[in-house]
Amino acid sequence: MDASEVNTVPLWPLLVYGGIVLSLVGVILGLSYVLGQRGKGRAMTEPYEGGIVSEGSARIRFSSQFYMVAMLFVIFDVETVFILSWAIAFRELGWYGYAGVAVFMVMLVVVLIYEWRMGALDFGPDGKKILAAYKRMQKPAI
Amino acid sequence: METAAPNYLLIIGGVLFVMLNVAAALIWVERRMLALWQDRYGPNRAGPFGLLIVAADSIKLFFKQDWVPPFSDKPVFVLAPAIVVVSVLLSFVVIPFAPGIIVADLNIGLLFFLAMSSMGAYSIILGGWASNNKYSLLGAMRGAAQMISYEVFMGLALMGVVLMAGSFNLREIVEAQRGLWFFIPQILGFVIFFIAGIAETHRLPFDIPEAESELIAGFHSEYSGMKFGMFFIGEYMGITLISCMLVTLYFGGWLGPDFLPPIVWFIIKVVAFLMIFILLRASMPRPRYDQLMEFGWKILLPLTLVNLMITAAVVLWLEG
Amino acid sequence: MSQTDFIYLMPLLILTFAVLVSMLVIAAWRNHKIIYVITALSFIAAFGSLYELRTTTAYIIEPMFVIDGFGVFYIGLILLTSLLVSMLSYAYFEQREERKEEYYLLLVLATLGACVLVISTHFASLFLGLEILSISLYALIPYLRTRPRSDEAGIKYLILAAFSSAFMLFGMALVYFSTGTMVFSGLAASIAGMQELPLLLLTGIGMMLIGVGFKLGVVPFHMWTPDVYEGAPAPVTAFIATVSKGGVLGLLIRFFMEVDGFRYPVLVTILTIVAIASMFAGNLLALMQKNVKRILAYSSISHLGYILVAFMAGNQMGVEAVTFYLVAYFITSVGAFGVVAMLSDKNSDAELLEDYKGLLWRRPWTAAVFSAMLLSLAGIPLTAGFVGKFYIIAAGINDQLWLLVVMLVLNSVIGLYYYIKIIAVMFQQPETEREPAIRLRPSVYVASAGTLAVLALLLVYVGVYPTGLVQLIQNVLVSVPEIVSK
Amino acid sequence: MEAALMLAGVLFMLGLISVLIRRNIIFMLISVEIMLNAAGLAFIVAGSKWVQPDGQVMFIFILTMAAAEVSVGLALILQIYHQLKTLDSDAANLMKG
Amino acid sequence: MILVWLIVILMAGGLLAWLSKKLNPELPRWVALAAVLLDLILIVYVWITLKAPADSAWLLRYEVPWIPQWGVSFSLALDGLSLLMLVLTFFLGLLAVLISWKEIKNKTGFFHFNLLWVLAGITGVFLTMDLFLFYFFWEVMLIPMYFLIGVWGHENRTYAAYKFFLFTQASGLLMLLAILGLYFIYGSETGTYTFNYFDLLNTPLAPAAARLLMFGFLAAFLVKLPVVPFHSWLPDAHSQAPTAGSLILAGLLLKTGAYGLLRFVLPLFPTATVEFAPWAMLLGVIGIIYGAVVAYSQTDLKRLVAYTSVSHMGFVILGVFAFNEWALQGVVMQMIAHGLSTGALFILAGFLYERIHTRDITQMGGFWAKAPKMGVIALVFVMASLGLPGLGNFIAEFLTLVGSWQANNWLTVFATIGIVMATAYSLRIMQKVFYEPGPQHESFRDLNFREMLIAVPMVLGLLWLGLYPQPILNTAKPSINEQLQAYTAPEPTIAEPKTAFHRQPDATIDINQLAINQRAFSNLQIFQSSN
């Protein structure tokens, strides 16, 4: 990165802009706090869950599928970082760099295939599992 | 830079003013357009053609009770809507509306955009989690999963443009499209970016985190008043942002025949995309969560990789 | 990179390729045997490719790697050890219900990391090798998810290893900050003239040593060793004890020899204290254990202390001694944990001392092999361990490290006590007749019994006739000017 | 330049102290991440001191490694939570001696 | 090559014995018997046929490179001293196999494996002329011994085995350090690195280094011998071991310590040894008296015999550090005679244990009437142990005392007191076990044929040693002179000339002493021929 080029773009507008945005948000929140009416309703202290009285805490365990997504993201987003670095310099690197990234991509694709087959990319309910669970439930009856 | 010393204060003020108003106007436009397509009136009481409905709405929102639920995690609850507004507004910094009309001509503009757009996921997950409401939490989890997934494809799809332009600077990317707008060579990238953009803004039809019919507004169930308003306006600004990005990256930005000034070309293109967004809302059903995710990971991701390799090969080949 | 570069990196490429292939194979068709065969073949192929690399001159791939005799020897050692570990693993996992196939994937990856480590000459390649190794281990250690202690071992290792990586990285950054280079030789050149190291640089090298110390499990960074050894499946424990530590040690030797850290009294003092403390802590804590895996873990701490004694000699004989001892230690550790793995049943590893009661009468051959391994750890003649310990003491005396050598001797005696304790337990008549171990399929049984037999023979061969190995080590070191010049 | 290095050092120390005093495994993991990032920052500072890209390259490596580590770490933590119903690191201490 | 065979036969026999267990549990005994017998025949054949060359004490040598990089060779050599030791080794080994014939009932294969490997280790120690190899064999004999005690021993075997192992191993490692020190000093002085005994004899040593290195060697040998402060492993190991184990421990393992002193300490560190000699002799005398006193107060028969060993070994160290031919001849005699007599006493204890299942002498008594054959034989053994003229021990102790008198009068006087005490504890055995009436034991049988086969040769051997020791003395003479050469030949050059100058008086004293010894020795020969 050429140092002189950086200097031609003044950064202060960005800071001013950011400052204005932040204060704008602050003003909006502050104004609505000041202007808003005060009141208390009977059900206002309960979470709204479709009109049904809330049961238990919302700090529940959820499907590990969400963690899986997080991991997938971590894996592939970090790969993006490498592709990004290549993309910016790929003209200098030429076919040699292309080959390198191709190898990298092949690895990515292999990982993707593996995950696909392992069911990491299946987000919906798994029919087979449900069926198995259903059969297990039925067994004691027989 | 064409002008010797652009008046930055003017630009800053202009961008902020226009964007906030565009978002506000969009609310009215959308409601009117939807009404038109659905063969009903839409807002028509406040002002001519119901034009003042937005103003009325926002005044109402200001005066509504500033309710922070006692069961919530309060600081986070307040912070969440602020994040969405700040991150989207900050993203506009790097968009070259026209030659010289850009707040900060960063040479990592594209990365700045990506960074800011991933901030959006925070607002959803923090808001949903702080609400301490099961539906909100579910919405937040889904939203986060959706947003971070599509973040990946979005970033990878953009790489095609970067390969062709050889820069992360959005102004240079626009300049690089002088001969040919990138949506022709990068049609695949464009489609992926477009889809990912919708998902990123959790805009209909991909409004899974807030799906009214399943999750009763999802992550912002517990929000009201201006805090809800900020989520609301944030969404419209997000649409605008994605439209601007689409135009900048794939449709030549301000470029256009000389008979109109560049800024006008830019506005025309953006408005066209805004209309498409609204049209999409009117015409598409919402997919299931798992369908959306599987579509992303199983179809879009391989496609982006293919797109990337082909683009790079072609570029290298053309340049000898 | 040129075509020759690829030839010189062939072992690494083969391993990488094997990982990809086995991943695809798993995706297509899960089968324990096939994956095992692929793994074993890849190790053999990688080892075979080393044949092309036996050289007397160093081949440098700027700036990351150097392929010299030392590196090739260590890679060969690592590959063979991994091969043996994988053979043990086959029998071990065959009787378990978990998904077995990914284990081999991780094993190959970890081996790859260790191989990268021993030929690296740059902080980046060092870091990459170390992390490939560590991250694979993060997953290998808690591989048997249903075991009560596996997760605990896994998370302990993960946090401490990441912790040590952070130290190492920060140290590297400081070194880079103060010298402006990340290549070992460049670093050596830039500090060559200095009599005293500047504080920042010293801190940097110190922090790097902390990171290495963690991976080696020497005092005061040894806390993870017993827990991880206990919680991990027996073959993985064998792997950690050998390949993981050996790789890091190879790196440490290369780094220290290049930089010539022995010139600086501060570093020497620290290492001396670490060596003595490791010997004592390992041996004394081992005395109190009732769990064989933990005993072996503590013993590994003390063995690293022994190795440091030879390392401290800081000359060619020292490196020879370290390398020789490492070979002996590899054979012994894999053998010992191999016995543990072989005796383990479906639900738990054979790790309590009671599990070994009367083993000599129930399974005489296994017990004999185990005794031989333990005697080798204790350094008793006829075994490789004896010659190794002899070599170390010789190297220490040669360099006049009397304090360290005397400590080593003292510790050998302490160490004897608990090795003998295990052997004594094996003599005892079992009070109750234990139910016979489950019959493994003959092919599986042959795999692990054969491995153990090979190891036992190697142990005795090296112990009785070490000339060949000594000659080999001396030959390969010729190609490393940094070592020979000392 | 030194100031930035100091910042990295302070971050590192904060992470270090936090690892040592925290009892919740997730926080320990986060603290370790802070330490890693401090190291990354130090690399970038060093890289900019010598006007070399090496520092930034190392940072990308660190990022990758940290990501992989967090992935495995989270999976493990889930497993531990599943078994022990707590994330207190004192509870995950079956092995002694 | 015959030397290699001596070791190989035992090792191979051991493996064969272990494997043959599969075929038949009795087979290992025969295999072991055959192996030891073969070795015995071989060594006796060597003894009879081989005549020493005129210019050297060495009868046979065998050397092949082993680890050339370190200057280690597989070097074996036989001289008179080793020859005698080997004869003793195989003789006692044969008895050990026989004595175990009925005693060891379980795991016979592994037992004989260990037995033969101990013997192999001992053979190696007596033969090797390479210090690395010496240490190697030194350790090799430990492990099987550990197993013998630990597996087939009496009730407290684990503890005893531990103690034995740790003591010997710790001291052995000190010796290893000393060996390495010697190796490097020799290497740095001459440029050739070697473990060869004959080369290392010429190591130029500074006095301080010599002292340290000597202590390293002494540590191993004195513990093995054992000398009093380091003796505590011995009563435990001896009393807990099975009879064969006790026999080998007392008869052979202790001798390796004495052998080491003779073979290594004296020639390698002449000056340092001379300095240390008074202290060593003092230790020897303390051992003699202490062993005797403690032996008298024991009730466990095997423990009692074990303490007599301590006492007898005191004579060995006394003699070794007297530095004259008389004393050394006495030492050699003592080694053999003690091997036979103490071994015999352990065998006796084994016989008794087989019959009444106790080692407690308060539980015994009145066996003279029930088992007259055993009584007569026991009487011979006990008399040998107390040093009755006409039996081997007398010659040994007499020679030792004559030698040590020349070195140190006062200590010799005290050592003589030890002999008197030996009479007391020895007679106590006879008194308690055979004469005094004691608890009644049903079906106490006399010695059977196998047992007589074991006991009679020992009686004959003791008588032979006592009545016609000349062959032994003749065989040992050349090698003893060889060991003493360092004290007569000019001093090896010493690094610091100043110190060398100071040393000069010592050397002259030695030479004078030896002149006296030569005269005295000729007198002795007259005495012996008249006997």
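A, B, C, D and E are the chain letters, set down in written order, and residue numbers restart from 1 in every chain.
Rule of thumb we're sticking to: a residue touches a chain if its C-beta (ideal position, glycine included) is under 8 Å from a C-beta of that chain, and two chains touch if they have at least 3 such contacts.
Note that the coordinates shown come from a computational prediction; the quantities given were computed from them, not determined experimentally.
Where contacts are defined as at the top, ignoring subunit A yields the following touching groups: B | C, D, E.
Relative to subunit C, the most remote chain by averaged C-alpha coordinates is B.
With chains reduced to the mean position of their C-alpha atoms, the one farthest from subunit E is B.
Chain-level centrality, scored on Cα centres against the all-protein Cα centre, points to C. More inter-chain C-beta contacts link the pair C-D than the other of A-C and C-D. Taking each chain's centre as the average of its CA atoms, subunit C and subunit D sit 25 Å apart. With centres defined as mean CA coordinates, subunit E is found 96 Å away from subunit B.
Taking each chain's centre as the mean of its C-alpha atoms, subunit D lies 65 Å from subunit E. Averaged C-alpha coordinates put the centre of subunit B at 53 Å from the centre of subunit C.
Contact of a single residue of subunit A with at least two other chains is seen at positions 70, 77, 116.
Taken pair by pair, the chains that touch are A-B, A-C, A-D, C-D, C-E.
Put simply, subunit D touches subunit C in their complex at residues 5, 8, 12, 15, 19, 25, 28-29, 32, 35-36, 38-40, 42-43, 45-47, 49-50, 52, 54-55, 57-58, 61-62, 65, 68-69, 72-73, 76-77, 79-80, 83, 92-95, 97.
For subunit A in complex with subunit C, the touching residues are 96, 106-107, 110-111, 113-114, 116-118. The residues of subunit E lying in touch with subunit C in their complex are 66-70, 107, 110, 132, 135-137, 139-140, 142-143, 146-147, 150-151, 158, 161-162, 165-166, 169-170, 173-174, 176-177, 180-181, 183-184. Touching subunit D in their complex are the following residues of subunit A: 64, 67, 70-71, 74-75, 77-78, 81-82, 85.
Contact residues of subunit C toward subunit D in the complex are 123-124, 127-128, 131, 135, 138-139, 142, 145, 148-149, 151-156, 158-159, 162-163, 165-167, 169-170, 172-174, 176-177, 180, 182, 226-227, 230-231, 285, 288-289, 291, 294.
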